[in-house]
Amino acid sequence: GEIFDKEIYQDNSVAGVVTGLAWTSVGGEILFIETALSRGKGKLTLSGQLGDVMKESAMTALSYLKSKAEKLGIDYRVFDQYDLHIHVPAGAVPKDGPSAGITMLTAMASLFTQRKVKNKIAMTGEITLRGKVMPVGGIKEKILAARRAGLKEIILCQKNKRDIDEIDEQYIKGITFHFVDKVEDVLEIALMKAKVDDPMKFTFTSESNSN
Amino acid sequence: GEIFDKEIYQDNSVAGVVTGLAWTSVGGEILFIETALSRGKGKLTLSGQLGDVMKESAMTALSYLKSKAEKLGIDYRVFDQYDLHIHVPAGAVPKDGPSAGITMLTAMASLFTQRKVKNKIAMTGEITLRGKVMPVGGIKEKILAARRAGLKEIILCQKNKRDIDEIDEQYIKGITFHFVDKVEDVLEIALMKAKVDDPMKFTFTSESNSN
Amino acid sequence: GEIFDKEIYQDNSVAGVVTGLAWTSVGGEILFIETALSRGKGKLTLSGQLGDVMKESAMTALSYLKSKAEKLGIDYRVFDQYDLHIHVPAGAVPKDGPSAGITMLTAMASLFTQRKVKNKIAMTGEITLRGKVMPVGGIKEKILAARRAGLKEIILCQKNKRDIDEIDEQYIKGITFHFVDKVEDVLEIALMKAKVDDPMKFTFTSESNSN
Amino acid sequence: GEIFDKEIYQDNSVAGVVTGLAWTSVGGEILFIETALSRGKGKLTLSGQLGDVMKESAMTALSYLKSKAEKLGIDYRVFDQYDLHIHVPAGAVPKDGPSAGITMLTAMASLFTQRKVKNKIAMTGEITLRGKVMPVGGIKEKILAARRAGLKEIILCQKNKRDIDEIDEQYIKGITFHFVDKVEDVLEIALMKAKVDDPMKFTFTSESNSN
Amino acid sequence: GEIFDKEIYQDNSVAGVVTGLAWTSVGGEILFIETALSRGKGKLTLSGQLGDVMKESAMTALSYLKSKAEKLGIDYRVFDQYDLHIHVPAGAVPKDGPSAGITMLTAMASLFTQRKVKNKIAMTGEITLRGKVMPVGGIKEKILAARRAGLKEIILCQKNKRDIDEIDEQYIKGITFHFVDKVEDVLEIALMKAKVDDPMKFTFTSESNSN
Amino acid sequence: GEIFDKEIYQDNSVAGVVTGLAWTSVGGEILFIETALSRGKGKLTLSGQLGDVMKESAMTALSYLKSKAEKLGIDYRVFDQYDLHIHVPAGAVPKDGPSAGITMLTAMASLFTQRKVKNKIAMTGEITLRGKVMPVGGIKEKILAARRAGLKEIILCQKNKRDIDEIDEQYIKGITFHFVDKVEDVLEIALMKAKVDDPMKFTFTSESNSN
């Protein structure tokens, strides 16, 4: 049941990595969404034994991001002239479901803007193509896993508030919860204004590939 | 059995989102067809665990729309120079069947024209490539779900009128039904003349990719 | 067993739609081959839950048509600069077999030439790549379905004449049969000289994509 | 067990059609290899419910032909600037095995050179990439089928001579057998010097696509 | 169990054909690797009902050859501007395993250089990407098959020497064995300096496709 | 259970080959990751009967390398203008799992920089997209296999130190262990500053393919 160990990521010094929360048959787990860009032609690579639903979740998050590129200050050519890879360690553990949607979106947004992700924050929630956040299951177990990992803030769908209300207070003491309906709110909370140190510098040919 | 929650979409301020009606083993449900465009090369992405029949339905609706582009005032280059994504939340619920045909067509037509979709309207019906509307099943359950969700107008195939006639009047009070044979009539009823606020502005290279 | 309803197509005002005859486990049925063109790069899309044999039938008919383009007065660039979609309603009913071959060929020929299809005519027969018409099964049931649908003329392979000879005369009164060996004869009988009203106007770039 | 009817092809006036011999569970059958070219980009389409072995046989025959293009007087650009379709009626009957190799090669050679195929000739034999002819099974049944169909000359691998020697003379009276080791000999025997009436005229862009 | 007959290839007058040794459930067999080039775009076609391992073996051999092109005097553009087909008769017999690796490599090297393959030589051995030769199984049975076919020289991996040492001398009298560790040694032994008569002449466009 | 024999690689004179450690049902084994480049268009080929997890591991390692190209002194155009092949002998033995991640990364880094790999070193560990090294299983058996093969240094994840601490000292005498958390440390330890003799010289067209 061990998907990942908490000690591996202890800082937010790189862009494009965000902590998510998973629900397995033996309890909650934290997981990490890792993203990376390399010069290319707009190819998307997904790895980490992701199931169909999780792959579609990644594609949906990417389409949302593309449709909001201008608002987020992303030069559109990056989608054409770079390849995007999304990996979810551990590489041999099958993973599926829509609940990493907002985590993947946040990781990509951080990567494309090179903005820092807030420290010790995690999130779980489905994303829709138009930017709604939908509730997911396994909240109690996920919260316990987040606490074990020392996380301090958690973003959830507004509709998952009732799940939090049912958890004994002792287990959530010291954790700040953010309940949201829209993806804009997720990014507002999780992404810092500051860029990471040594941010990646994108270089473009003047003409976009797709045009 | 819960595909989607009614509260999530309460307005029609964005283009490209239309309410449909689904029939599941535990009753009717409303569902949402979400569509989005991003600059690209004319790629079509479908997500939401759609089955073969539903995917073909989307392709058929898109071909119909392309064949009527001029009549609808759509610049043909948008099909070449943008990518289209159609998503049907919730992402983990398998969906299939042809009955979302006219809903998908309407969502795409709204997206490509940036015209508003009428408020509190839903629809269910198969589409053919030449623009006929064909009857579908599960009408009674779908109507009950639409009513629970507070919808006020419903578009159905003319041939589904007999299904409505068999429903006890108390369940359909306050709902206006539109019975249609042709896709033109669906768009006439469901799409408003006005564009959405802050409509998406399409930019094209002078020369279309495909020519 | 109901593939399609006879009332939906009552006229021949559009190009590219032809009536076929299908044989199901519960009897004969009429079906419709719908075709549409949109500007593109020569892609072929098939929908309507078609099986392998039926898909190959469509590809064979298209290759035949391409090889006879000049004779039929079709500008070859249409095959390169437009996408072709063939759809067979109803979208959820699986269909297979080679017997729609001549129907698909006729629909495509009408679409590419924009010539009218004769009114109240139907057909069933396999097509070969070099334009032979081959006999098919289920003739009696198909004829009965055609009659119920009010069709007046039927095209069959010469070799299917013996099947007609075995049908009681009362069931075929008022129907004109055409027995053919070659695809040229099918088109001669089924396509009218006149174009449809408001025929589609093809526009080409001077240079064909494929050359 | 009826794959095709003998009466359908009674002449050799078109290029690209050759008679083969098949072996089914209920006896021998004649079959026809049909080929057609249309302007394109060098795509190969195979239809007629062909199995893997038969598809590979077609690809092997095509590669052989390409490697001998110059010797056969074929302008190499035809492979780049035209699409080739190979169809084996009847479209719904699954077919497999390597024994149509020399038949497919001969049909293609006739098509690309527009030379007539000898009248009332049939053949069966596996082809290798370097142009060897290999023996195949079911010879007796195939010969009987050829005789029923009125064929007068048959090409076989030299190694299949022993199978002929075992057939009672009364069944092979009037049939001329050609036993060969090499594909060159097949073409020498089966292709006439004369072109078909109204041969297809190939038109090329000066520059080949692939170079 | 009969993969191929010894009599078919009795000379080494063509480039690109090499004799291998196969191990089947009923004993050893000789097989032939046939290769052919035709002008194209660098496509690789494999036929002869090859299994996954054998296909990967071919790809590995090709990558090795490409990485040594300069050393072998092969103009690199041939990999871009020609298509390569590898066929292993008989076409209907499934074949798999890595032991044809050095045979495929030698056939390709002969084809690309147009150098003659030594007469009456056969080989069996796995190839690695960096040019190591690895031992394979079934040596005794393969040697017996080679002897029945009249072959005079056999190339094996150094590590397969122990298998030869265990064969009764009477069965290997008159056969010369070459034990090797590296692919360079295979080519040194099997390829003659002389080109075949009428060697294929490669023509290139000045600019390589891939650059 | 024999994946590979120790004697085959006894030197580090070529770039792009690194020794890994595998865990099979019958004990530990050493394996070799072989990599090769040939001029092309950036295609990645994987062979050696690799399972999905191992393939994803290779893709993840390649994406990491691309994202660190500048830091490692790799001209980015090599990813566009050359094809990369990764092969893991023996070709017929199925292999899977993430534990070859750092081995594949190191082999690629050596290949692209043409730097020598340290002599008699092996490694095992999962890689993440952002360059973390994660622990893997079967450590004891792998160490025993490394010792049998005469290897002198082994790189492991810091978290696998506890597995080493549990091994009886007699089995690890003379082996130096390196425990790491980050991929940078793996490359620091395993790659020598010196290039191999006769390093491959990359040639580029001035303009990268992807830009």
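All chains are identified by letter, namely A, B, C, D, E and F, in their written order; residue positions are counted from 1 within each chain.
Operating definition for what follows: contacts are C-beta pairs under 8 Å (C-beta built on N, C-alpha and C of every residue); 3 or more make two chains touch, one makes a residue touch a chain.
Everything numeric here is computed off the predicted structure, so don't read it as measured data.
*Asks:* Chain F and chain E are one sequence twice: same or different residues at the contact, by the over-half rule?
*Replies:* different
*Asks:* Compute the distance, rounded to whole Å, between the mean C-alpha positions of chain A and chain B.
*Replies:* 29
*Asks:* With centres defined as the mean C-alpha position, give me the chain C-chain E separation in Å.
*Replies:* Using C-alpha averages as centres, the distance is 51 Å.
*Asks:* Residue numbers in chain D touching 2 or more other chains?
*Replies:* none
*Asks:* Determine the shape of the graph in which chains are vertices and touching pairs are edges (line, ring, star, complete, other).
*Replies:* ring
*Asks:* For the complex, which residues does chain E have touching chain F?
*Replies:* Counting only chain E, the residues touching chain F are 52-53, 56-57, 59-60, 63-64, 66-67, 69, 76, 79-80, 97-98, 101, 126, 128-130, 132, 134, 159, 181, 208, 210-211.
*Asks:* For chain A, which residues are in contact with chain F within the complex?
*Replies:* On the chain A side, the touching residues are 5, 8-9, 14, 16-17, 32, 34-41, 45, 47-49, 81, 83, 85-87, 89-92, 205.
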